[in-house]
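What follows is chain A paired twice: with chain B in the first complex and chain C in the second.
Presenting the complex of A and B:
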């Protein structure tokens, strides 16, 4: 920039001038490109009139749409829901027309009826003149000297202390991100001997309530999904054919009579896993396609989940009801920092 | 009972004729009572039921047995039909999924190849193989007299049990490896009921004790209600939410803006 500041650069571009005769002058402070390479186009009065009519017609179309919008707004009473549909269409289309035709008319006006030529505008230098800069430096230094920031250390240090403390203050507000979940992440609402109840009907689930290849979403008895800390408790109870289940080591008695119970929260991002394919025995998470093999203790066969779904140890009591042996033996849901 | 209680260790030959007589009379009475009480319709149609099974067997041998086996025992390419019940036949053949047109991830819905009478016959035959869920009677699935409570409960049941695969308004969705949960917009209430009770393809089975008739009816009422709901917002774009709306917005909306910008800036 600065090396050419003495002699401003001037680019001469080939001009396309259609009708103006004397545009080779300064138009509104702008340098207008020379036009002598190309003679001005012959002005065709008939064509111009035709263009004028065309643009005017488009503006009138816009006006008609605006009137149509007003009529539609008044005329269509919203008595029932089907009127709403008609109203939406009429108002939407007329407003589109009103704004759209206005814009199209304006663009066509400039395209068909305005002269076309190119102008060059020079950028002014960004830096202030040397005299201004020198004056600013003098005023600034004088002010600094009069302030005595260097001469008065007590004031300087107390000011820095006050301003610094104010800067630290937002860190204290991070506390509002809490309270910390403490132990709630490690437990669910399942307790020893809690009966498995249907999440909707709240009825305790008995052996035989589920067909082979069927499933049920269950909660601990007396706990609703809306209750405090209950959101991680839903369990999906699936009935497999006898002998299909391949238990994890040490979990041989967790799946009585082919019924297996797994936590419904995906171990990736905590979405509810509800897609069960009864032929492939896969549970499928709708959020990121993590897929779990139900026959093999819900280990991950595909997707971003890092761990198998936690299994709920269950047993069948004397009356045939399912009960939990205990809470989950590991934290449920997605990973978290303190999980280890 | 009283006889044996009164004389527990007496040999039975003590009063042989009277004992036999009591048994004969008791059995006869029970038989007559049963004949009187038992539903007359079923008794009257038992012979036509047999005919139906015979006709169904013939149709089965022609159309189904090459894959499902001569006795419906299944084969390497097709599952056993023993115990799947009449409802499964009515669903699979009634929605055109069976007979299979081509092997794929799952049977596709198409125009049924059999008349309802033929389907009923095949259903009766498969039912005779080993029981299973029966074709529901209209009063079991009909969605009449819908109350707000039905819709609230049906909606909750649908969202708990069905929505994870079929979408919250029953528009269906993708499963793994090319399989999918079908759109339920045009599925008849009977077929919805049968699908729940038989669990076709990868759908879990929701038997009578998992979802009883009333709960199934409420789910059907909810489905019928939302499919008849007016949708005045213009084109619904599949009603599958922000994915299709965003796609149309980006492609059509921004595309139009780019075209308009190019037109405004174009040299004459």
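Presenting the complex of A and C:
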């Protein structure tokens, strides 16, 4: 800028913008009228130059941040976790600067250096004139008539049948998305005489491996959690004090020497039951807070679960290893329609 | 004043633009459409920015998402991790999880973009929610904008699904638990639940197919629908023009504000940059979804304090607060109402009612006119009350989703807390409704006061009699216009006595004609009783929720009647 006299002058604006009324009358054609709510103020040329420089500086700050980002990208290699942290800070903050300064600059530009005025635009009802509607109806009806959709019921019905059937086709094609449930949900990977093995060490569990009040997650021997249909098989083996367990009728011999085994999946939404409170003998699901009383065959004492955790019948073999008497006697995990 | 507008002005830039514009227009003929839309008017109000935030965070999510797809492997094939995050070296995990670690630790800027993507996704849903509140409480959804409201509700629903899908892709322990719950929810659907679940997941949970399928849905199917619906949302917005608050020079038949080009375009461009910058800042300093701390998914493990992303919180809360009602169905079936209701039926009802709300309100209030001027929430106490009541319900469900965290942090009994929230679901919304209405009426009275007595000046004057009075200054013209106009335009349409009487008559007749033989053996015309019942219901709901009861019956102090001095 060469005019640095500092004398107040009328802000130099494009003629078209200053007279919003003219512009809009021209731009919007028939429908737009406008008025100046806040006519452009008389601005100090010096102040304007200052604002201009400010905005330009802010844009340059953004550019500097972008350069900083590039430097950070090249300079910081990812060799260890500390590098990752540093790189994230440097790249993130420079990107913030690059975007943020650009944004601030653009907003300030409109605030400080552009005319502020409001224009008024007229609205018109959306409804088409009656004549148009009528014309549309006529054209549409004429088309119907030419098609003969009303006069030719056989054509109409056969067309609808064909199109409807074609619409069902994609649903058929989704059939092979997965297998039918069949009886999958009624079984786990537990079998008769399967040994209980620690899910972590993969070692079969013996009497005495767990302290009183302790627990362990076990799987059937030879089955890993990643195996097919094995996700429902984890079992919690808990050692209670002798005589503490109040067995369900008919399950008196399912808990040898105070050891009880229950399926780990919550009967509510299938989360693994993660927490055992030794003092109260309660199993607690961290997902929705269903609480089960271990002493009383894991019946529900609180929360949205409706059924007790299924119990795995176990016995101790001659060498002292725990073995399953059979698979669970009921479906495990959350309820489903066919469950019964 | 008389200078004729001279084309595009002068100067080298304008010449080039003019030439290019001519070249394009010769081939596409766009000048006509552009000249109209370039000056689209955007009314100035801070609350109009909320929708923009939603739009911009969607663009940010798109941009960052594309970057992430270059490295992400949507596969559950098992691999042994050998990347640079030492604590998980040698651990078996799915390719999905391993590639997420790879993006986070071995791709420069990968962690940053991942975190920006996640933050922007959270912001996207939040901005939609707040934008929707603005539209609801100001009545911007009314005719002619009902369709756009419904599209918005669909967008919100899809945003929840899209967010959950993205959150589940890394196959970490936290999101895997979320997917397990999702599978259980599908299983709870009567009759077809297990089939749908097995087909979706490619078998029993965790199916081998689900991550790749979820990926296709997350990056192709849903974004495609988003683009189409957001496009429709915008086109309708431009076609119908913005709503505006009442004020000087603003009527139902015009719209006053800043034109799109150039002022609004530059400002909103800057605003996009600022939204992006905010997401970048969060990505830089605020860790989000550190999947390497959760570890790979394992169906036998779970972490304490499992919380979904915030927008699923209300559903998780509903699941937690639901009593354990499960019903046996004769014939060997089970109806898992304890899951089906909170996770399927409740959101189904909520979102359907939400999507149809404009039509419901119009039907109840008989207000079928077009509205381009916005309501102030205080002038529609009942709608505002309903909105606040629903928000309070939402907040209780949301808090219910964090009941374990709250119990832990404040050392409360989780059982007591859950019972409290359960009671709160029924008790709090009605109380909130009543209180909100009272507050609205109070604000109306204050408006009335402002119009008739002006503002307090803070100057106390002693009268010759010794009495002290405070001087009042009259309200400014703009404020007066705003208050008076908004109160006037917010009124429900005058009840047309003749129409109402006819409706009542029809309803009574329909109810009274039992006994006559209509040839169908039922003694009443088919559908008549239903129509009568519907009309009675409409009136009951109307009188309960929507009839605007004036606070003060004294005519002089009735703000709804005598606001205009």
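The criterion applied here is as follows: the second predicted complex is superposed on the first by the 244 of 340 C-alpha atoms of A that agree within 3 Å, B and C clash if a C-alpha of one lies under 4 Å from a C-alpha of the other, contacts with A are read in each partner's own complex, and residues count from 1 in each chain.
The criterion applied here is as follows: a residue touches a chain if its C-beta (ideal position, glycine included) is under 8 Å from a C-beta of that chain, and two chains touch if they have at least 3 such contacts.
Computed from a prediction, not measured in an experiment: that's the story for all the values here.
Participant: Could you say whether A:56 touches chain B, chain C, both of them, or neither, answering first, second, both or neither?
Facilitator: Neither: A:56 stays clear of chain B and chain C.
Participant: Counting only touches as set out at the top, which of chain B and chain C does A:305 meet: first, second, both, neither?
Facilitator: The answer is second: A:305 touches chain C but not chain B.
Participant: On the A-aligned overlay, A:123 touches which partner chain: chain B = first, chain C = second, or both, or neither?
Facilitator: A:123 contacts chain C only, not chain B.
Participant: Examine A:84 and indicate which partner it touches, taking first as chain B and second as chain C; both and neither are also allowed.
Facilitator: Both partners, chain B and chain C.
Participant: With the two complexes superposed on chain A, say which partner A:99 touches: chain B (first), chain C (second), both, or neither.
Facilitator: Only chain C; A:99 stays clear of chain B.
Participant: According to the stated criteria, A:149 is in contact with first (chain B), second (chain C), both, or neither; which is it?
Facilitator: In the superposed model, A:149 contacts neither chain B nor chain C.
Participant: Now for A:282: first (chain B), second (chain C), both, or neither, which partner does it touch?
Facilitator: first
Participant: Using the superposition on chain A described above, determine whether A:339 touches chain B (first), chain C (second), both, or neither.
Facilitator: second
Participant: On chain A, which partner touches more residues: chain B or chain C?
Facilitator: If we count touched residues of chain A for both partners, the winner is C.
Participant: Quick one: classify A:162 as touching chain B (first), chain C (second), both or neither.
Facilitator: A:162 sits against neither chain B nor chain C.
Participant: Across the two complexes, find the residues of chain A that touch chain B and also touch chain C.
Facilitator: Comparing the two interfaces on chain A, one with chain B and one with chain C, the shared residues are 16, 81, 84, 88-89, 92, 107, 116, 199, 217, 272-275, 286, 289, 302.
Participant: Which stretch or stretches of chain C touch chain A in the complex?
Facilitator: Contacts found on chain C: 1, 3, 5-6, 9, 35-36, 38-41, 44, 78, 84-86, 92, 104-109, 111-112, 115, 144, 177, 180-181, 183-185, 187-195, 197-207, 209, 239-241, 249, 252-259, 262-263, 266-267, 269-274, 276-278, 280-281, 283-285, 298-306, 316, 319-326, 328, 332-336, 338-339, 370, 372, 403-404, 414-415, 418.
Participant: Considering only the defined contacts, which chain A positions touch chain B in the complex?
Facilitator: It comes out as residues 16, 81-82, 84-85, 88-89, 92, 107, 111-112, 116, 199-201, 206, 208-217, 238, 272-280, 282, 284, 286, 289, 291, 302.
Participant: Under the definition above, what is the set of chain B residues touching chain A in their complex?
Facilitator: Of all residues in chain B, those touching chain A are 153, 156-157, 160-161, 163-165, 173, 175-176, 179, 181, 199, 201-207, 209-210, 215, 230-234, 263-264, 267-268.
Participant: Write out the stretch or stretches of chain A touching chain C in their complex.
Facilitator: 14-16, 19, 22-24, 26-29, 32, 35, 73, 76-81, 84, 87-89, 91-93, 95-97, 99-100, 102-107, 109-110, 114-116, 118-123, 125-126, 174-175, 177-181, 184-185, 199, 217, 219, 225-226, 228-229, 231-232, 234, 264, 268-275, 286-290, 300, 302-307, 333-340
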